[in-house]
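The structure under discussion is supplied below as structure tokens; questions concerning it will follow.
The letters A, B, C and D name the chains in turn, as written, and every chain counts its residues from 1.
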Amino acid sequence: MMPFKCNAEVRGNEKITGDIWRLTLEVPALARVASPGQFVMAKGSKGSGPPLWRRPLSIHQVLDDARIQLLIKVVGPGTEFIAGRRPGETISLVGPLGRGFVLPEQSGNVCIVGGGVGTAPLFYLTSRLLGGSVKPESVKVFLGGATATDIMVLAKDFKALGAPVEIATDDGSAGYHGLVTELLNRLEPGKSWRVYSCGPHPMMKTVALYCLDRQWPCQVSLETLMACGISACLGCAVPGRGPTGLAGGGGYLHVCKEGPVFEAGEVAWEL
Amino acid sequence: MMPFKCNAEVRGNEKITGDIWRLTLEVPALARVASPGQFVMAKGSKGSGPPLWRRPLSIHQVLDDARIQLLIKVVGPGTEFIAGRRPGETISLVGPLGRGFVLPEQSGNVCIVGGGVGTAPLFYLTSRLLGGSVKPESVKVFLGGATATDIMVLAKDFKALGAPVEIATDDGSAGYHGLVTELLNRLEPGKSWRVYSCGPHPMMKTVALYCLDRQWPCQVSLETLMACGISACLGCAVPGRGPTGLAGGGGYLHVCKEGPVFEAGEVAWEL
Amino acid sequence: MGIVDDRLQVDIAGGLQLNNPIMTASGTFGYGNEFSNFVDLDRLGAIIVKGISLKPRPGNPPPRIVETSCGMLNAIGLENVGLDNFISEKMPFLRKIKAPVIVNILGDSLEEYQTLSEKLNDTSGISAIEVNISCPNVKRGGVAFGTDPAMVFQVTESVKSRTSRPVIVKLSPNVTDITATAQAAEDGGADAISLINTLLGMAVDHRARRPRLANIVGGLSGPAIKPVALRMVWQAANVVRIPVIGIGGIMTVEDVLEFMIAGASAVQIGTANLIEPDTTEKVLDGLLDYVEQNGGRPIREIIGTLQTG
Amino acid sequence: MGIVDDRLQVDIAGGLQLNNPIMTASGTFGYGNEFSNFVDLDRLGAIIVKGISLKPRPGNPPPRIVETSCGMLNAIGLENVGLDNFISEKMPFLRKIKAPVIVNILGDSLEEYQTLSEKLNDTSGISAIEVNISCPNVKRGGVAFGTDPAMVFQVTESVKSRTSRPVIVKLSPNVTDITATAQAAEDGGADAISLINTLLGMAVDHRARRPRLANIVGGLSGPAIKPVALRMVWQAANVVRIPVIGIGGIMTVEDVLEFMIAGASAVQIGTANLIEPDTTEKVLDGLLDYVEQNGGRPIREIIGTLQTG
């Protein structure tokens, strides 16, 4: 599906926690075609900024083939502008962008590992998985956050999808006291797991290496700075592995084009 | 009075016509000291812009020594931002700035000539004149605009002050069909008039030369681009006359410091 | 909009006539296909593709880009597919587009520029060559070429001698005197000059106490640099007789008019494509409106009409 | 804040120690008194006044300024009251301020620079001289001085020979190689260098088809130029041993930290004063907070700590 530019009308804007907001946008053309793991480039200013660049945001959920939802953590001027839009206002979007998650063709065990606002794309993924060949009882959702409030609303939403959720918090205020990656040890080692992950880079690295060790299929959604999101600037490079990867004598992967979702083995984690 | 920087709270925002707004700001420290013809530099953006510079705006009226009013015509991003502030929001101001109008020490005939939004500072001036030594019957207010809607609300406000108002419109939709400067011929030539004017540069030039011809005292309030308003950048230069003026072998006048109000004879109109 | 509007036509580079003055700046428009869903590529004045070198280049390590006030820095390091892949993989698509295709080339040595010119001369569907002598990201060669008039002359001359295609020389703004390099390009036989490439800049992460670009320095582009670009276009247009192509911070049709009035026969849009991918076509529509509001006078009449008296 | 906080002290220019690294940039802070209601002038690291010439100058005709994307152009043309009026009218106020006063000088000839240096040497209350060899607004002399290393050397040497005050040489960014002029200033005996002055730019009114500045070109300043300034400060600091003073687009304390990490011993704040007249003091407060958040380590420890490995 080729990306396009459009104006999306804000239909709802819900505060999740202190600095996290969920926007509901009416934009059927996008909602109909966006697949889990894809993202949009949203204008984070009036006119030509600042900020100058658009901001990449994952598709958090698609409703009724007509609306999309974004989960936004305010970290700077761009996210502040976008998260501050009120119902009735419009936001300029370019999308759908990038290569999303590859959904399993058959049923099997699936593990979702999300960290903080990185969980955004995993929600749409999980609802599609459960709407498809995957049964709730063969799914495990591990969510990590700094503290309980960061993650409780999301955990509730995942549970509402029917998925069993386990939580880890840095401060122990909810669930396991520690890193979400440590929950991976709870997966029965005998089984094979298909793992999907999104979150801070160190978290994904741990997940990826854990899975590579066990030869479990694992897909991660990377984040980089992006100027365009449409593979025009080549700014979003990450070192790749294999024949076309840097580590294999080749070059860089482009997160907005070949990603943001990669197989764990495609990324040169050591670089 | 030394200028200072402050945040003023918006108390009211009234639409005058299509693109003209009247803002009422709670800012007692300024309201107590601002004299007619002085201006403020208002921030026309969030953060450091764009626009980068503050925007010069005349003090349109002072209420109860506590509030000031600004009359703003939206012509670009700065005025759009300022005119768009809602009650409860604040605006950053630097002021009061510049040299205002010199009020007459004795009674006498006074003529006020305003063009479009240039009329802004003349309103505060007129209320101060009428509150002082000047009698309503010895005042004439000439207001010009492109069309009736541009000027009718202002005309009503001036009338409410008790001043007799005559109007000129470019399209003849109200009052005299022609330039406001042509109304000057209505002033009884035998009498001496003290003239105050603000508006587009060509209009003020006509007024100034008309008065200089008749040796009537005349004060004009000039507009230039301003980066600072506090006589730091020297950007707001206009050619002056006389020993210190360019035409007299001297230099430039600085609108934000020696002005914005000048005696008609101080300005080198021909340059 | 299938029919050509001759009121927008402009001449650049050795008899090459463009249907309109709106071109894409190298490195900001990929190889064209990335934008096929955002603009009608056929309508563009010309498409200039990402700079091509003889061999594929992986480019610089990340981070490669950083946002600045009204601009951005890039240190992509001229990542590109290399000449052979370009011809085999990218040209088939580009040949189907009605807009002229201009190939931006870069090399580490005179020989590389020459080989590139020769090989492109044998490739069909290429309307002109733009010689990038000014990219600040390549540490060898590139910088010296772009800032030394003698080298500019030499590169221009050797590219010209190997190709029958019109040659545009793209100048670096990181020089004391742009008129010297502009003149050198003209003397070397350039059919046109384009300017400006990016200004050398830097950004610092004060928390990490590290440069924000792995390459330490990068090229500044976007609205921030427009005043410098306009000045250099005006200065260069005052000394050369060949067409000047204006580049730098163009976002709107007003920006295009400013560059043309200052002396540009055509313009290139760069960073704006990254933010609003339909900029080129929007600007083109705006230019058409402008022509119509001005009594249908051809746009070329405004070139170099700046009144400085 | 009457007491001096030695954690903010920095050394610049021939043994001159500043209480803190925050200085005002010439031409954006008037003669100091314009800001006495906005900042506590006593607290500033140093005050650099509007550039002074031997005779009063009326400056350029208007328009002299224009706003650009995240920046501004000025072509004030170095309007100033002249040396004698400066000494008689402005110095009495400045002598009462506790902050060191640095006088920025400009001339059309070597002789003018020399005479200025001599006369200022005889004036009390002046802590240092900053030599503006780089202002793009003066058509005679100035431009050549600032861009040619040999001339930079010469001006520096002759100013140094006429004054016992520390001499700061202010460099032009409109050069191919900032390290060459930086080195020339050091070789000429400069006690410090400051950079950057404004980038030469231009703006066009497309409706009137006229330049927006009567002088046609002007100097670009403000956040837009910060990446270029940071790059040049870093480059210059890598080649000279004398202190480097960073200037260009500084608006916030983060900007100050970036310049210092890149190699600046102190900074000057210019355009920001025009917009937020209390910037210098706000930034100073921010710097104090920074020092306190960093365990009270003296700010000078961050100078030139950029890790590029």
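General remarks:
Throughout what follows, contacts are C-beta pairs under 8 Å (C-beta built on N, C-alpha and C of every residue); 3 or more make two chains touch, one makes a residue touch a chain.
Please read these numbers as outputs of a predicted model, since none were measured by experiment.
Common neighbours of chain C and chain D, by the contact definition above: there are none.
Taking the mean Cα position of each chain as its centre, A sits at the greatest distance from chain D. Note on chain placement: the centre of chain B and the centre of chain D lie 36 Å apart, centres being C-alpha means. Between the Cα centres of chain A and chain D there is a gap of 47 Å.
Chain B has its Cα centroid 56 Å from the Cα centroid of chain A.
Residues of chain A in contact with at least two other chains: 48, 50. For chain C, the set of residues touching two or more other chains reads 69-71, 222-223.
Residues of chain C that touch chain A in their complex: 27-30, 34-38, 50, 56, 58-59, 61-67, 69-72, 74, 76, 79, 222-223, 251, 271, 273-278.
Residues 68-71, 73, 147, 174-177, 199-204, 206, 208-211, 216-217, 220, 222-228, 230-231, 234, 249, 254, 257-258, 261-262, 302, 305-308 of chain D are the ones that touch chain C when the two sit in their complex. Looking at the complex, you find that chain A touches chain C at residues 2-5, 43, 48-54, 94, 224-225, 227-228, 230-239, 246, 250-252, 271.
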